[in-house]
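Letters are used for the chains, namely A, B, C and D, taken in the order the chains are written, and counting of residues starts over at 1 for each.
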Amino acid sequence: MKDGIKICTIGGGSSYTPELMNGFIKRYDRLPIKEIWLVDVERGREKLEIVGALAQRMWDKAGLDVKVHLTLDRREALKDADFVTTQFRVGLLEARIKDERIPFSHGMLGQETNGAGGMFKALRTIPVILDIVEEMKELCPDAWLVNFTNPSGMVTESVIRYGKWNRCIGLCNVPIGAMLNEPELIGKTLDDLVYRFAGIDHFHWHRVFDAKTGAEVTDQIIDAMLDPDKGDGTPANIHNIPFAREQLDHLKMIPCGYHRYYYLQTDMLEDGLKEYEGIGTRAQQVKEVEDQLFELYRDPELAEMPELLSKRGGAHYSDVATESIAAIYNNANEHIVCSTLNNGAIPDLPADAVVQVSSYVGGAGAQPVAFGPMDTSARGYLQLMWNMQRLVEEAAVYGDYGALLEAVALNPQTPAGSEAKKCIDELLVAHAQYLPQFADKIAELKAAGVTPIDPVVQELLAKGL
Amino acid sequence: MKDGIKICTIGGGSSYTPELMNGFIKRYDRLPIKEIWLVDVERGREKLEIVGALAQRMWDKAGLDVKVHLTLDRREALKDADFVTTQFRVGLLEARIKDERIPFSHGMLGQETNGAGGMFKALRTIPVILDIVEEMKELCPDAWLVNFTNPSGMVTESVIRYGKWNRCIGLCNVPIGAMLNEPELIGKTLDDLVYRFAGIDHFHWHRVFDAKTGAEVTDQIIDAMLDPDKGDGTPANIHNIPFAREQLDHLKMIPCGYHRYYYLQTDMLEDGLKEYEGIGTRAQQVKEVEDQLFELYRDPELAEMPELLSKRGGAHYSDVATESIAAIYNNANEHIVCSTLNNGAIPDLPADAVVQVSSYVGGAGAQPVAFGPMDTSARGYLQLMWNMQRLVEEAAVYGDYGALLEAVALNPQTPAGSEAKKCIDELLVAHAQYLPQFADKIAELKAAGVTPIDPVVQELLAKGL
Amino acid sequence: MKDGIKICTIGGGSSYTPELMNGFIKRYDRLPIKEIWLVDVERGREKLEIVGALAQRMWDKAGLDVKVHLTLDRREALKDADFVTTQFRVGLLEARIKDERIPFSHGMLGQETNGAGGMFKALRTIPVILDIVEEMKELCPDAWLVNFTNPSGMVTESVIRYGKWNRCIGLCNVPIGAMLNEPELIGKTLDDLVYRFAGIDHFHWHRVFDAKTGAEVTDQIIDAMLDPDKGDGTPANIHNIPFAREQLDHLKMIPCGYHRYYYLQTDMLEDGLKEYEGIGTRAQQVKEVEDQLFELYRDPELAEMPELLSKRGGAHYSDVATESIAAIYNNANEHIVCSTLNNGAIPDLPADAVVQVSSYVGGAGAQPVAFGPMDTSARGYLQLMWNMQRLVEEAAVYGDYGALLEAVALNPQTPAGSEAKKCIDELLVAHAQYLPQFADKIAELKAAGVTPIDPVVQELLAKGL
Amino acid sequence: MKDGIKICTIGGGSSYTPELMNGFIKRYDRLPIKEIWLVDVERGREKLEIVGALAQRMWDKAGLDVKVHLTLDRREALKDADFVTTQFRVGLLEARIKDERIPFSHGMLGQETNGAGGMFKALRTIPVILDIVEEMKELCPDAWLVNFTNPSGMVTESVIRYGKWNRCIGLCNVPIGAMLNEPELIGKTLDDLVYRFAGIDHFHWHRVFDAKTGAEVTDQIIDAMLDPDKGDGTPANIHNIPFAREQLDHLKMIPCGYHRYYYLQTDMLEDGLKEYEGIGTRAQQVKEVEDQLFELYRDPELAEMPELLSKRGGAHYSDVATESIAAIYNNANEHIVCSTLNNGAIPDLPADAVVQVSSYVGGAGAQPVAFGPMDTSARGYLQLMWNMQRLVEEAAVYGDYGALLEAVALNPQTPAGSEAKKCIDELLVAHAQYLPQFADKIAELKAAGVTPIDPVVQELLAKGL
């Protein structure tokens, strides 16, 4: 790797970009970047220009000689890149609105990484990232792909399995959130503790040990989490319903916030339906924050990340991303939780699965720590969910409707049956323009008159979105 | 094994007993039985006497010198037995009514082998069968235990794992049902085909091959099953909603009838709720048939199995049971699908799991045929369900409420959350007398005022049932 | 499968052919053969004619209308065959002499299925059988391949793994030998016992159970085997040195006769060296018996299998082969020990390994019985040996000399180092005409002056053999 | 852990102790030791006093306030220890002489970690370390056990498996040797490279990656190692015969020096026999160096580790040990290759095996990096060797002679048969006083007249050693 690093960020027009710049600026002494290429699609051009200008102002204000390039030409951006980060959203926020509202309209959870919504985000994203990988093989074969496009686990697994591209790590901000919030619950700092995470993206657990004595303190953290007087570090975008104490006592691990969708499924669904019928789903809420953010970004005086961004959800994503890049660049072997090849780290899943585990990240990528066998309940659920992901990936790559039905049958968020079938049929129709691999099936569904029943979605479709 | 065989049947007062006698009578030339001991509990005494008398009349009419003994003393019945069959129901049909109605009253499937109902049947049954195993170790250490008490898979696994009793096979009538019904769908007889089953009890799949050419004909059977003009061999007690063709095409195996509860979950739930709110749940329907049956059984002229019994559901259970006993006795190495130690037959589950697979049954018990690795969707779901079962067994043996909550979290029939918690709390309270291992938790729940909301259940409880 | 069965026997000129005919004649009522095609290579033409004529006389004497065809055209013989049996030896007995004498000349075991000799038999045979498989795909795609060419395990695994031909079972006469000899050691007949074999070809163990009680009697057989007054059923061609009692007590399984080469390695080597330096190696002894046999076969009055053949070694091979064919033809699901896809039957080896296990053979081929995990000593040794086989297969298919060196490093019969390297280099040179895949390496070795040091081998090479 | 650290070193009278002190002194800023307790047995009292005095002089010269305590009372030394290091040798160098000479006298490798010698060192050591673990549970339950007593792998596995003591890491100086020697072979420094080790103690392989590019450079190092003009980092006590290039090309990993005993078995044996018949075995050579060392240690002027010690073999052991202790103490998460619970790191071995792998060592002990599945040749050999170790451990714990015979059958260094049996029988007799678990068997052997044939061993026995 040459000294003047070239970063290529796909989906550069995202509202997250200032956080990413911030992360790079903070690590500039360890990570001597020369140029950053923000690339986006035509529909994102305006946002790209706004956020790109802010990005350049941020570097300038920091007094660092880094050039921010803006482009719609992905090949130009990839050429000779050292690191490629991916934060794009196929179909933009409108697609997310469909991912959320269509399932709710059938009485199922609408959420962009879990349930039918997450599946369809994967169906749209995986073919695009596989295209990117092919271009990387040609244009920057020594680059690392640092993915934080959701559903990060399925996208990363597809890159490695179908794209045959091992120079990839997948990131998620959930583990860092836990590590930042939990220690103080038991009167410790992060340095006092040893964290061990294992599972898959948005479906992992962790155990915690005292670094001085080596003794496990997982139960102490569980106690504190369930103490109504203390917070628990759940991500801002997940409703804060407490887990059942006896369940956690049996589990002997700390679930991630997203486990609420599974361990407290009906309560989370109820909450979600309330929003769906009331203030609108998360995407609709985020859209408002985003509009506000871009209003701020436009301000030519603004040269730093605005406070508001941290309320966007997804905080620390960029911290994890830039830290990972710095760890690879400096062969620092830092503890980072990321999606990488299992290789036995979780013996309950195949060695060639992509899992999200505590890893030491250095010059040869992520080295996953062997977590050891899981106990009954975690094992069974994890095996279900990983196989469910595999089915979605297979559906994404081959356009296999049967695989999609099987994924639905496995995913607890989409109780199988005729209602779930209606739901995914509507999603196929609603996302038609981003699902070329399902063209035949979609044509058949359209011919049969399938059309989303949700009025907001109908409106979007009417606008050609 | 001596030549005059002693059979001990626990739950001998069951309405199924005539079918069992029938099976033994048909096989008498291969299975020279000397004495049959029907044992039951005090509450079942009257039924025992009625059905026991019929049983003796059946043997007499067949002109065979077999003595049917009736007793409430289990130890006497077990003493020196060669085969012990178990068909008892802890709590009788009233308990089944609770297993079914309480879940439905919370909007969840009420069914005695799946969902919350099945879990609670296991919680009540496992401690009792483990007591039986301890008595067998003392009183008939060379006997074989042939279990067809449901949930047959969990009960059999508990016998082997916790009871450390390997001389046990678990049976179920679903596979034989498929083998009897499917061949004619493709113009064949059972002898023309080779069947391979694998999974766990009430959650298994099968593949079928042509015995002449060795070629797989699974897809031909799927085609025929989905042909609206042909039946599909679904057990009488499962509603006949067709599976989605694309799903089966992807699965490349034939699911069992009970898979409808998973692959068509919401539709089956809807149907069940309709019955719950209308004619009553299955247990209530069965109770009527049973009353009619015992009316018939009382007739001193009756000396054969009445036709009505075959409408009871559970047909062929006794055929499989008596055939298994004959196969063991004669070292016949017959193909029988049963629950037995995995030993690698399904590599996706631990070698010490109990699975339900095609086996060759002979003098050393069941020899499971190695089925080989499953593909994604079957693998993930099977791993979930087996671990769910393990949690139920653990809860049954140790009275662990956390394990029960985890089982709920894994089981698709009980979407996790506060509603599911209410449901199992009510079930605990409703079955208090049969769940001594949960005494403390139940006391706590009662103190907190937990009581079933279903009026029929309230009525049963008011009667002390 | 049509009723008039066509059998194709490759290596039809073998001295074993009369035993094979005998097996078919005995089973004619179950196996209505119409025609048998014996095919061989030009060098075997004379033998083919002699033994072929005898074969026809045997059928005629039996009064059965079966036509024995003789041909050097393999394609003609394969065309529309129902069963293909393979008993050919690439390079004839002269090659076996080299396989035996070259290792002995370097102080290592010379034996045609173990050690360097076995490896080289595999290197010569595998490419040929893969050619046969390709022809079968074209000429008789519904036929079953019944292989008993040694090393039967590696050859069968190559057919399945590299040839992608699953309609294949591999046979060996060792298990049937044990089952025929052991029962009487404990005063039983074979019908009184249940046998369970597991391992790989020529490296398997077995456990035995009483069919009446289900109790294990393995230890009783071990006791009897080690009783100096009783025989132990070791194949005639294996020297009869007793295993150490404490080792078998720990092992808790009965090893096969070939395990002597591993458990009593130095003693077997010593014996072998004595023969090498004295009366000549096994191949040399067999050659004499063969000459005698063909002298007998020539007699136009002879119309049955001569007694002498049973002293040839390899007895019962044909019995197992013809019984397997009858079991497939009649979908008889008989217990036959054969090499087939593991599929989990031995969980300590990959599911896609080919193992030799107790199977039920019927219309869809072999259904291996799940044996369950092995204990330490059997597991470790079996894993070594199976991986050693895989390396030989890889070397055979790709001509990879490094893989061959690795196989040598793993195989206990070829203690790794410069002497072993000399040995395999000489074997490569000696078998040059049958190892086209190693042509470059052999050229290099010849250029370096490598030439076998054994005088008998030198003589053969001088004759162009 | 309190700040004034207490170290307890068992086998404190070893000639290695000055290197250990040196390691602690160099790391004093990170590892604020207060007291060091050197403990030994009565027979080692004199050495303990000599080396203990030197140790104290070393600390004094370094100007650090650390008190070195000498004792024969192990309990006193263990009381409240923070770290326990083990470097004892049961039976002292005389036992090693027997371990080496008896196998050679039967034509087998005599080496203290491989072959029969290594097995017997394990048989003597494991019961003692299990006693130590029991004392630790009572006297210092929060301490870490850092084992470098050989055979380090088996000893560490026994501590974890039979002693149920997870606060243990096992060390070995071979990996650090490779990491110190190899980089310069390809013009790099250790910091430029990422090392990944996996296997078991004295039987591991490694792969190497460029830290800048992430690309694998294993093959470059192999090229350089086989270049006759370059050294290869083989430990001083292993003869330097080159591996076969084609074998390493196929292996695609770098073997450790001890692999010569397996990959070049006969050559290493030949070399060893030459020494045995000539200058004496390694133990005899080491004994001379040790006598010289203690002569130096006696010198009251000497206050540092003498140069000669680094020629003793086993260099860097103490470096690895003290670095590991510092890493645990400081939760430093450093890359250290050590023996620890597998937990899936090598998927080809059970999760509960103890393996030697690249780990990140910190406050909760060793976190093994998941290495992923091995390829054929490494997998098969590793599985053999680990199971062989398990058999030795079982023999050590239970005094099971059958397990020992099985270990012999698996270990390539002891070709099975009557000669190997003679060898281990003599070893049992020769080590009688240190093998109480085999008392009965030894009595039986003595009664049968078994006595070592090696004259040097006979002499030692005559002296009561």
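Throughout what follows, contacts are C-beta pairs under 8 Å (C-beta built on N, C-alpha and C of every residue); 3 or more make two chains touch, one makes a residue touch a chain.
Computed from a prediction, not measured in an experiment: that's the story for all the values here.
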Check: Among all the other chains, which ones are in touch with both chain B and chain C?
Finding: none
Checklist line | Centre-to-centre distance between chain D and chain B (centres being mean Cα positions), rounded to whole Å | finding: 56
Next item on the list: Take the average of all CA coordinates in chain C, do the same for chain D, and state the distance between these two points in whole angstrom.
Entry: 44
Check: Which chains touch, pair by pair?
Finding: A-B, A-D, B-C, C-D
Notebook entry, point to check: chain C touches which residues of chain B in the complex?
Noted result: 1, 142, 144, 167, 191, 194, 196, 209-215, 328, 331, 333, 335, 341-347, 351, 358, 360, 362-365, 367-373
Notebook entry, point to check: Touching chain D in the complex: which residues of chain C?
Noted result: 244, 246-251, 262-269, 376-377, 379-381, 383-388, 390-391, 394, 400-403, 405-407, 409-410, 412, 415-421
